[in-house]
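Some structures are shown below for you to check.
First chain A sits with chain B, and in the next complex the same chain sits with chain C.
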Partner chain A sequence: MDFIVISLLIYLLGTVTIVWPKNAELIAHYLGMLCAVVASGMVTYASAAYLLNPVDEWLVEGVWGSYSIQADAWSAAFLLLTGVAGVIISIYAMGYGKTYLGNRIRLLGGLWNLFLLSMVTVLIAGDAFTFIVFWEIMALVSFLLVNHEADKKKTVSASYQYMVMTHIGTAAIMVAFYMVGSCSESFSFTDMSGNTLSGYMKDIAFICAFLGFALKSGLMPLHIWLPNAHPAAPSHVSAMMSGVMLKVALYGFGRFAFQFIGMDIFWHGFVVMVVGLISAFLGILYASMETDMKRILAYSSVENMGIIFSAFGCGMLLYSMQLTSVSVIAFTAALVHACSHSLMKGLMFMSAGAVKHALGSKNIELMGGLAKKMPYTALFTLIGSMSLASLPFTSGLVGEWLTLQSFITLAQQAGTPEMRLLVVFAFIMLGLTGATALGCFVRMYGVAFLGRARTGIVKKAHEVSGFMLFGMGLEAVLIVVIGVMPDILVNMMQGVFSRFSVVSMGTPMGIIWGGSGQYAIYSPGIIFGIFVIFSIFMVAALYRSSNFVYKDVTWNCGTEPTSRQQYSATGFSKPLRRTFEKILSPKRRMTYLRKEHAYFGRKLQYNLEIPDLFNDKLYKPVQQMMINSSSAFHKIQEGSVSIYIGYTMIAMIFVLIWGVLL
Partner chain B sequence: MENLIANIGLNLIQGLVLLIFSPLIMGIINKVKARLQKRMGASIFQEYFDLFKWWRKPTIITPYTTSIFILAPVVYFMTSLYAATMVPGFLTGQFSAGDAFIFVYILALGRFFMTLSSMDAATSFGGMGGSREIYVSVLVEPAIMLAILINSLRYHSTTLSGMIIDYDGAYFTISAVLTCIAFFLVMLAENSRLPVDNPDTHLELTMIHEGMTLEYSGKLLTLIHLGSYLKIIVFLTLFGALYFPINIPLWLKILLGAVIIGIVETLNNKMRLFKVRVYLGAAIVFLLLAIVAE
Partner chain C sequence: MEYLVVFLVLVVFLQTRITNLKRAVVCLAGQSFIIAIACFFLGLSNGEGIHALLPGILTLLVKVLFIPGAIYHLVGKLKNEREILSASNVNYSTMAAAFFLVWGYFIVEKLMPGSVGRDIIAASILMIMTGLALMVLRKRAIIQIVGLITLENGIYLLGLLMTEGLPLVVELGVFLDVLIAVVVLVILTSRMRLSFMTTDTSVMKKLKG
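So, the complex of A and B:
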């Protein structure tokens, strides 16, 4: 029997915890998470073995009636990502889930397994029906998971918004599948790849597929569900949704691009790349304005998915220009960044969960000085923040570097002025994105973990339990290992595309990528070694010196410094807010509560609101239009039966006259 | 493999050489400024004495801080030193692990830790400096990216040693001159020099980089100052090797660059903080024109 199929059965076993006897909730919880860990471990093992051994044609294959499964290398890459995230986040959830004791914890564990099951099945689906059915299960189960804390009003509105949005996406995907399937007279993926779709039908199918999958991966302007759903969900669920579910959408889009629609039309890749770049910058810009930890991370997911899709679009462009072998670098960039984003966003949502567990709040304006209370969480969060700011020696830079290299390749290989302009735009956007991401995570980490406690809630903070620390630590170690030895991941992911390429990129030392006179090198292993050795020597030398450290309170013009004198998160992002105020259009309101003295001791209240650009300019008008039109219909829908009978009679008479006349 | 080790050794030696000369370049800049203001000014070796003075003083730290506060100067200094081993010029044609994007991100690593440390001491000035540093870096980064793009399009490589001006071809072009001007503007902003930041004052209205380092003293302060001196000489070397389109020896270009910085700093006032976006916008426009003219 196949590992993947067994793992599906184990996930199914895990869902049994929903009907576990109520007096043994804790056992049900551990059992459910154990099933998830074991099954995800098997998925990881099977897909890694398949990727390292490129002899087998299919990772898994099977047909049951009209349902079939099959997984090629493109699926295997995503299965690996899902498996790793599944193992680590489930271990974390063993500790974190205990906060839900007495709060439908059995349901949480069961749905968790079902969620993983549906994602794995989407990835190995061999025909459109299986794909759509499990895609829909994935959407519904994640809706239920987001809605878990349904006693909060905000959670309910967020989860219903997610429900509506995701179904718009599913509808678009179904249309795309139908268009491709009807041209190939079969809905199995193998037959669909030989479809005869052409002309504008192909464009429509592409638009539908891009719309559907971009919505699920949270690209702008379809992202609005994302910053609401992630903060509402339990932390391990947000980690899984952001770390894996968004990538499952990339998997689906890649399936369409590679297999069904093809990449021979120029503007398809162009659209994907430009939308990706705009999402990247606007996503991180909104992230650096937020004060809710999980909303920051959610907007940062928009950013990273933007970078991934821009790399993918760049690959599509290169492919459409018959530059097949160099397009691999762009696709590899997308895949590598998807993997590393899965790791780092999993880590960061887990640490946001740990902070929420310890403090009971997600608002960074209330925190400060957490690094002293939670040293290990602080260390892991630092690694995650560095990775999200794409700094050297973390996995974040590997994907970003490959993305930049693929853009340069596009400018050099295409050579046309239009392509150069596109790449200039891409470089400006990525430059802005990179620097803003650094600022965003400096702000988040600095305000929450460094400095002094801003409010009393920090006093009762404590380090979290072993399971949670182990999960976060494992993720942090993986991030650093990939950052220092990127060739492991890059080689594996490049192997996915080796069927249509001969470009070599990985070496035992790092990444060297060469093609047509250009070469670029990134070998962080050596740098890292030298760097760390020198730094350790230097710190040791500092500590050994005789007059090294005296501790004394900061000079504050003769007064005792208070914790309110620190920079707040809102203040920290003020220069950026002012620079980009045309985009952000911040609404600030200052109220004088008391004004006895003209200058000193007056009380102020400061309100700042940054509405989402697309929410105001796109969704609100559409929503208003729909309400208006339905209220117009409301006039003829009086609700009394006699009027409806009247309508029926009028319709009958109309039909009769119509029949007589024709 | 032996080749690799030899090259790494050579790169390290280059880093040390730049490290030794970096305070001298600062001394020259200060001397030029003093002479232009009709002062005698301090000796050009003054910075060495200053560094020695700071090194001997005790290091005082706020009790609110975490270990980031001690780590940050070390990382900042190490990133500058690493950048110094990467820059091409003295070791032209050698194997270098120096990719231009890695150069940018290595410096970003230093900036990440410095801005974090600015928030660690729990003061207003620190946060103010960190916030402004981020603001300037957001505007600088697209310009640096474009400058890299231009040279990599011209010389078909993204390694720093592959992007050196090729004096065999046509090198004094409109595009090259525009890039040179733009990179100089960017260099002033990145190294917190005058029109953007004033390195000489401790006035809260004007400072950016100094604001971040206000809580540092003793050995940690020495490391930060040495790191920023090193960053200036690194950028001058990069400016000379990659963007200064006149065929003279590199050390002369570095000296010339230092003198020009001195002159520019004498002629200009510090601009308002929110005017910086116009200044760096101008740099980006120059770079765009350079790409069009390419």
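So, the complex of A and C:
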């Protein structure tokens, strides 16, 4: 208990660096980040110790007036994820934040601590009031962090869009909390778990909760803020938002699903699963179209949150069919993938930050050949990309594998044709997602890091500082370790559900991880062995003395190869764009700038724009409707005082008449 | 008491007819004076000591002397200011007041049949609604202030009758409230006169963005 509370105090201490004297800004920055590292380390330690030692009932418990904190295993899993990300990204931020020297760097460091503090407190909140208050602090602080580079117009509009969206989400969550809380004795979570909500009120509460938390975690129709906010924010902030804040939304949703609303209604799980699957596929499809590094990663977050929610929905379905012990597989899948996504998305945003730091641009069309200039960053990005594409020996595969296993379990255990149909749909979607993700990250890595330099900005690129490399390196190592030895993480996360006091999951007989058992078999050892043997053969074949090596530029029909003949990012994704033209509806515009010769040397400009499907079909009409209705209201609000008093008078007369006649 | 009500109704009706600003203010002072007498009357019949007299004394000081005095002073500075309106507007106010009087009695009969202060309740409803009507229908700022104080007087009278003596703190609060509101309004009106050369509130529309 003490560790978590002390870590909160240290975060608070870190927040105070906002008022550090201005002439020692850099010290304030280092101190702030140091506080964040130490406090996050303590959070990591406390939650890991709690998860590994199944004796204590609560990780932390306490009451201060109307505020209370209480953390069970479900909180601890997310605290672990937050702590790890907090430590690593703060180390990275020590180096990265220096670019903001003279640009409100103290504010950045202080708010960073406050952001971590609010997330940790949301995770350990013991009642609805504390939850909402810190949820709101989290939203506001992240808004301020996104808005840090407020001198750019795009940043301001992105952050305000985020602000509006996140408040709609908070409103929905508050409604959900209120509905559940009004049917229980008090607003503390323990009392709320015994609520008497029933019938359609339960459905409404579920819809509100799902709406609010799906918005925060960026599921598909509500993701609109995400690809704008992430590129606008400083890189370590986007890493933290994508790596942890989206998962805090999953935590909240899990709290509702397990504890308040229950999972006994079939269509709840069905909705969650299908929305998750659609987000996963559309997210990665849009990611493959983007050329801004951070936008790619933002859309990839949509994809991964979709996978996590689809696994969670699958678990809810299994639970609603009384298959409680196998539902653990699905919930474990959601948790494991949440953890590994936190790691890999943190890493990728950090390397996007490193690239931006070195080049001053995030547009991958301007890069190329960065691997030579930034070898370590390139290596770490490769690991992150492999993980996001869920290749073996990375943590990305573990979560997705478990998700697939949970789908198989659903088909096997439910046994009805309808369920099998659903699972087939899920497999198609997840398969498409996986393949597109592979293409997307091959494209991103290949275009940015391999090949030749496309523009002059690559020439001045340099390897980034030690702190940043250390942060990225840690994440990369963790990803590989989890990829090769997933047992530790999976067993830890599976343990969460056997200790749940509110929902009895039964004994999780399902997963015997490591090669033997009934369900969810995945043995990285065997795959690794095959890989090693295969590699030995390959190496032996390649380095035989009879081979000869002749180094030269690629043959190119006799012309001199230039960097412009490489695959561009836009070109690489063209087949995909053609295939899914109906969904993406790209807007192409070609303009011939100069026509000196009929066949040769014509300069043309090619504009490609991919409008977001939901932006045009859903948000624009709503926006138009709101503008129309406000101009209708404007007629009532004329600006004349007499008329306003007249409204009061009419209201009074109406009340008096009503009071007399009724 | 019934005579007071008759006078009050008379003064309120008079108020809807008056267009000259100075006369309107004098009329307001008269109206407040009747309220003050009502205060003494109700206070002495309900209790004794300082608390019984205080509402009446405060009403006399604030609403009969200070507020009309301040407005009168302001009106003295205004040149060529009259409630220049067609007779129909004045007639509308009077008709509205007549309607409110009937309606007030109707409400009392419906909601509190056989109550003691039937006439006073009806009169205070008349004052509240007529005050509002003055604020809505008239354009000059001074008349609107007069309307506000009429409304306030009506509420005060109703409160006094209903509660048979408000707590002292509430009473003081109410008077302070009115005092401050009127001070602000008088200052605003004189600023308005300086800026726009008129106290016609319809010119305020120019300020709209």
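Here is the rule we go by: the second predicted complex is superposed on the first by the 601 of 662 C-alpha atoms of A that agree within 3 Å, B and C clash if a C-alpha of one lies under 4 Å from a C-alpha of the other, contacts with A are read in each partner's own complex, and residues count from 1 in each chain.
One rule holds in what follows: a contact is a pair of C-beta atoms (placed from the backbone, for glycine too) under 8 Å apart; a residue touches a chain by one contact, two chains touch by 3 or more.
Nothing here was measured: the structure is a model prediction, and the numbers come from that model.
In the superposition on chain A, contact is made by A:V660 with chain C only, not with chain B. In the superposition on chain A, A:G646 makes contact with chain C only, not with chain B.
In the superposed model, A:H167 makes contact with neither chain B nor chain C. Of the two partner chains placed by the overlay, only chain B lies in contact with A:A371; chain C stays clear of it.
Once chain A of one complex is fitted onto chain A of the other, the partner contacts of A:Q565 are limited to chain B, with no touch recorded for chain C. Residue contacts after overlaying the shared chain place A:K98 against neither chain B nor chain C.
More residues of chain A lie in touch with B than with the remaining chain of the pair chain B and chain C. For chain A in complex with chain B, the touching residues are 368-369, 371-372, 378, 382, 386, 389-393, 397, 400-401, 404-405, 408, 411-412, 420, 423-424, 427-428, 430-432, 434-436, 438-439, 442-443, 445-447, 449-452, 510, 517-524, 526-527, 530-531, 534-535, 538-539, 542, 545, 547-554, 556, 561, 563, 565-567, 571-576, 578-579. Against chain A, in their complex, chain C makes its touches with residues 103, 106-107, 110-111, 125, 128-129, 132-133, 135-137, 139, 201-202, 204-205, 208. The touching residues of chain B, counted against chain A in their complex, run 8, 12, 57-66, 68, 70-71, 74-75, 77-78, 81-82, 97, 99, 101-102, 105-106, 108-109, 111-112, 115-116, 118-124, 126-128, 130-132, 134-135, 137-146, 149, 152-153, 156-159, 162, 215, 218-220, 223, 273-274, 277, 284, 288, 291. Looking at the complex, you find that chain A touches chain C at residues 639-643, 645-646, 648-649, 652-653, 656, 659-660.
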